[in-house]
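Common to both upcoming complexes is chain A, partnered first by chain B, then by chain C.
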Partner chain A sequence: MSLLEVKNLTIRFGGLVAVDDLSFTMEEGQITSLIGPNGAGKTTVINLLTGFYTPNEGKVILDGEDITGASTDIVVSKGLSRTFQNIRLFSNMTVEDNILIGMQHRIGYGSFLSLFPNPKKIEWEKRAKEETTAILERVDLSKYRYEKSTSLPYGKQRKLEIGRALVAKPKILLLDEPAAGMNPVEKKELSLFIRSLLKDVKGILLIEHDMKLVMDISDKIVVLNHGAKICEGKPEEVQNNQEVIEAYLGRKGAHNNAASK
Partner chain B sequence: MLLQILVNGISLGSIYALTAIGYSLIYSILQLINMSNAAVFLTSAVIFYALYTSLTGSSILLTFILTLMAAGAIGYIIEVIAIRPIREKGDSNTYALISSIGVKTILEQICQGTFGSEIKQFPTLLDGKYIDLFGARTSAIQIIIITTTLLILGFMSWFTQNNRVGRGLRALSQNLNACHLMGMPVNTLIGVSFAVGSMLAAVSGVAYCMYLKSISISVGSAIGNKAFAATVLGGIGELKGAVVGGYILAIAENLVSGYWSMSASNFISFGILILVLIIRPTGIFGRKEQKKV
Partner chain C sequence: MKKYLDTRTIIFLIIMAGMAVAPFLTNPYQLRILISCELNMIFAMSLNLLMGIGGTVSFGHAAFYSIGAYTTACLWYHFGWDYSTNFLLVVLITGLAGLLLALPMSRITGRYVTIITLSFAEIVNLIIRNWDPVTLGQMGIVGIPNITLFGYRFKTKIQFFYFALIFVFITYILMKWLVDSKLGRNLQAMRDDSIAAEAMGIRLFPNKVIVFTISAIFAGIAGSLYAHLMTYVEPATFNANLSFTCISIVVVGGLGNFTGTLIGALFLTILPEYLRRFDFLFKYRMIAYGLVLVIVMWLNHSIPGLKLKQGFAAFFRKLLHRKAAEEEV
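Let's turn to the complex of A and B:
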């Protein structure tokens, strides 16, 4: 059984078919990347997977469980957490609070017990703080614990966002352009870090524009163009696929590229 | 004289502050001015009166607790019926604002229909008891109102810090969209914030009528509008701003009515509102919103 199974996923906005009959699978212990030129529909796919949009047709099956059309909070509790292309941290809250927000749905006491001190709440808050300590160590941010999240340098903010997603204990971690805005050194470090995340989650779905990063760390790549899948396979297979080259470089560019080889 | 004015100002300021927090709380999350807050103020006072005179005999505490529960439920229901459908369609906040004005009018009409338009006597606590505070006559109900408000404010700042719901509300007020995308139960939390705002308005409404020892149908809009002015003065969306704005406004009003004339005090609140909007639209504590283009 695949970790994630996307079957015939389709969504239409008015007359526009934004995602067209998309099917792919993710396997356990692997990094799967979703790539495609700008406007290919990658973000729409994420929004479909995370429950922000409901597909017109198709199914999303996470670890054997059908999560098609479930709301965003259900999807998170079923084990799919994400980070954002443009970092969305809670800017006026501390690093610690940002992590705690990530485990919001796992904290097991309700609104009523929030109102006054009681053993259940104290126990849960203690556990939450301990998990926060562990996660902060994992993403190497322990010394920033009580600082405001926006005071961190850019690369550390990314790591905080990943930490916030990890603390939700997801099966799948969805990284939306994690390398955006990073320099080559940071990217190198990031790719090692992402690879190491497979120890924490069952699978990683990576959306990324940086081809070097994608080719380096992916086990499998799914290529989208105009909302439809044009190729799926190992990095080397994708790299040599004529349709992929055309999607990125255009027909003429692809021709020149072939000529120059 | 000055001390007396301060005592009166702080008592009234407490009432403004509690209602103002309701405006500010909702604004900080939804950027919506929830006009129905003023009507909840009135409705709660009317519910208190109705319960006290018919059902609960003469237990002020029991009546108060029931009123609070009713106000919380009303707030939650307002959000579910009148705000959520508009919010979820993604329509502009202007529509939600108009919807909240609609709710305000409906609630006021219901109150008028059931309560009538005359002024009635309202139950109060420790009537006629007062202490002399360096020459300022401080009535027992004033002391009760001020201490209750301080306790509530203390509770609110504790509540938003170290528990699940409080943290959620803070996150919501910073980035609603991210909360939604991250999969937080946004709707429930917004409902809770409406319930909290309404309960504060209820405390404020009941306290004000106890202070006046009377209730009439006009208390809602009178105090509701001033509490709104206080919110803007302090910086809308900032909880401490609502509190500070409430106290400043009430003290200013009392200074004017003490040293000049009673009728001029009303001009002061709305004069200050307009001045703030012209000179510093973000209010005392408000931050300028930075939007990246």
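Let's turn to the complex of A and C:
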């Protein structure tokens, strides 16, 4: 059984078919990448998986459980956690609090018990602080614990966002363009870091524009164009696929590319 | 590092200690102003929960204040009940009012919320004005006695002062507990970025309802104390000015900073009373409120602590720069 199964997923915004009959699977212990030209519908797919949009047709099956059209809070508790293309940290909160928000669905006391001190709250807060310490160690941000999140440098903010998604203990981590705006050295470091995340989660779904990074770390690549899947396979298979080259370079460009080889 | 006793808590304790000895140092007139301060503290802290933590700018917070005031006044007038029972009904009714106002929040966000709060306050005021059999309409309810607890009637304003002080203390502590909990963190997350908060599995609407309800309850409590302090209530008191004064206090003190709210309440309650002796200044006190608001917004949203210093420094630097720039031209 696959870790994540996406079957015939379709969503229409008015007349526009943003995602068209998309099917793919993710296997355990693998990094799956979703690539495609701008406007291909990659982020829409993430929004569909995480419950921000409800698909018109199709199914999403996570580890044997149907989560199609479930609301975001249910999706998170079932084990899908995401980061954002443009970093979305809680800007007026500390690094620690940002991490604590990431694990809020696992903290086992509710709104009423929040209002006054009680054994349950104290115990959970203690556990939460311990886990925060561990996760900050993991993403290498321990010394920034009480800093405001937006005061961190850009690369650290990315890591904090990943830490925030990681602390939710997801089965699958969805990374939406984690390398955007990074320099080559940072990208190199990031790709090693992403690879190492497979120790913490069962699978990673990566959306990325940086082809070098994608080709380096992906086990499997799904290529989208105009909302539809045009190719799926190992990096080397995708690289040589005529349709993929056409989607990125255009028909004429693809022709020139072939000629120059 | 995070310490157990941070600066804000220490300032809070100093204010509380100062308030506790104040009745021995003041004349009745000053004591009355201090009681108004206490009511404004509770009122503004409730708004700060909604604005600073919940991220909802409410222009109609006076609605809950007036509901609280009228609930206890009407119960006294029609049934002669004492404050111990009235208090429970104040909590219940203002809580329900808060819940009612929160219901549209499932559909609207941002500035539209502000418009809704503004109109909600107007609706509440119109109901109070015109529901003659219950609220006595324009006449108002006169002769409300001092607070009575389980048959014991407070005899002096000093007792009232300490009773209200207990409420200030409880409100502050509750707010502090709330902010440092899962609920408080979730609310702040929603304030900073509702989409990211949703992605972390926070359900926005239930949290909105909770924060509106709690905020409304404390505003209602402040209002109910007001009715017993003033001994009369009339619809004209609870106009938009009251809401704006409350917002001024919160903004002067700093959004999300409850210690700041206490200081803001002291400042903005005592200042107009002081200005009363200069007749022409008192007339224009609303302009002064506006000015204070603008200046404080400019000075980085917060008075207590370091920010003020930085704010003033920046302010003078700006002034100097402007001068230098003008001279160059």
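Just so it is clear, the second predicted complex is superposed on the first by the 261 of 261 C-alpha atoms of A that agree within 3 Å, B and C clash if a C-alpha of one lies under 4 Å from a C-alpha of the other, contacts with A are read in each partner's own complex, and residues count from 1 in each chain.
FYI, contacts are C-beta pairs under 8 Å (C-beta built on N, C-alpha and C of every residue); 3 or more make two chains touch, one makes a residue touch a chain.
Note that the structure is a prediction, hence the values are computed from the model and not measured.
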Chain B and chain C placed together on chain A: clash or fit? clash
Who does A:D66 touch here: chain B (first), chain C (second), both, or neither?
neither
Next item on the list: May I ask you to decide whether A:F90 touches chain B, chain C, both, or neither, giving the answer as first, second, both or neither?
Entry: both
(message) For A:D140 in the superposed arrangement: first (chain B), second (chain C), both or neither?
(response) neither
Under the stated touch criterion, which partner chain does A:E243 make contact with: chain B (first), chain C (second), both, or neither?
neither
- [ ] Quick one: classify A:S114 as touching chain B (first), chain C (second), both or neither.
- [x] both
Message: Contact-wise, after the overlay, does A:E189 reach chain B, chain C, both or neither (first, second, both, neither)?
response: neither
Could you look at A:S77 and tell me whether it touches chain B, chain C, both or neither (first, second, both, neither)?
both
Footprint intersection on chain A (chain B / chain C) at 50, 52, 71-73, 75-77, 82, 84, 88-93, 97, 100-102, 104-105, 107, 109, 111, 114-115, 121, 124-125, 164
Counting only contacts in the complex, chain A reaches chain C at residues 50, 52, 71-73, 75-77, 82, 84, 88-93, 97, 100-102, 104-105, 107, 109-111, 114-117, 121, 124-125, 146, 164, 168
As the complex stands, chain C meets chain A at residues 1-2, 174, 177-178, 181-186, 188-189, 191-193, 195-203, 206-207, 210, 214, 256
Listed in rising order, the residues of chain B that touch chain A in the complex are 159, 162-168, 170-171, 174-175, 177-186, 192
Listed in rising order, the residues of chain A that touch chain B in the complex are 50-52, 71-77, 81-82, 84, 88-93, 97, 100-102, 104-105, 107, 109, 111, 114-115, 121, 124-125, 164
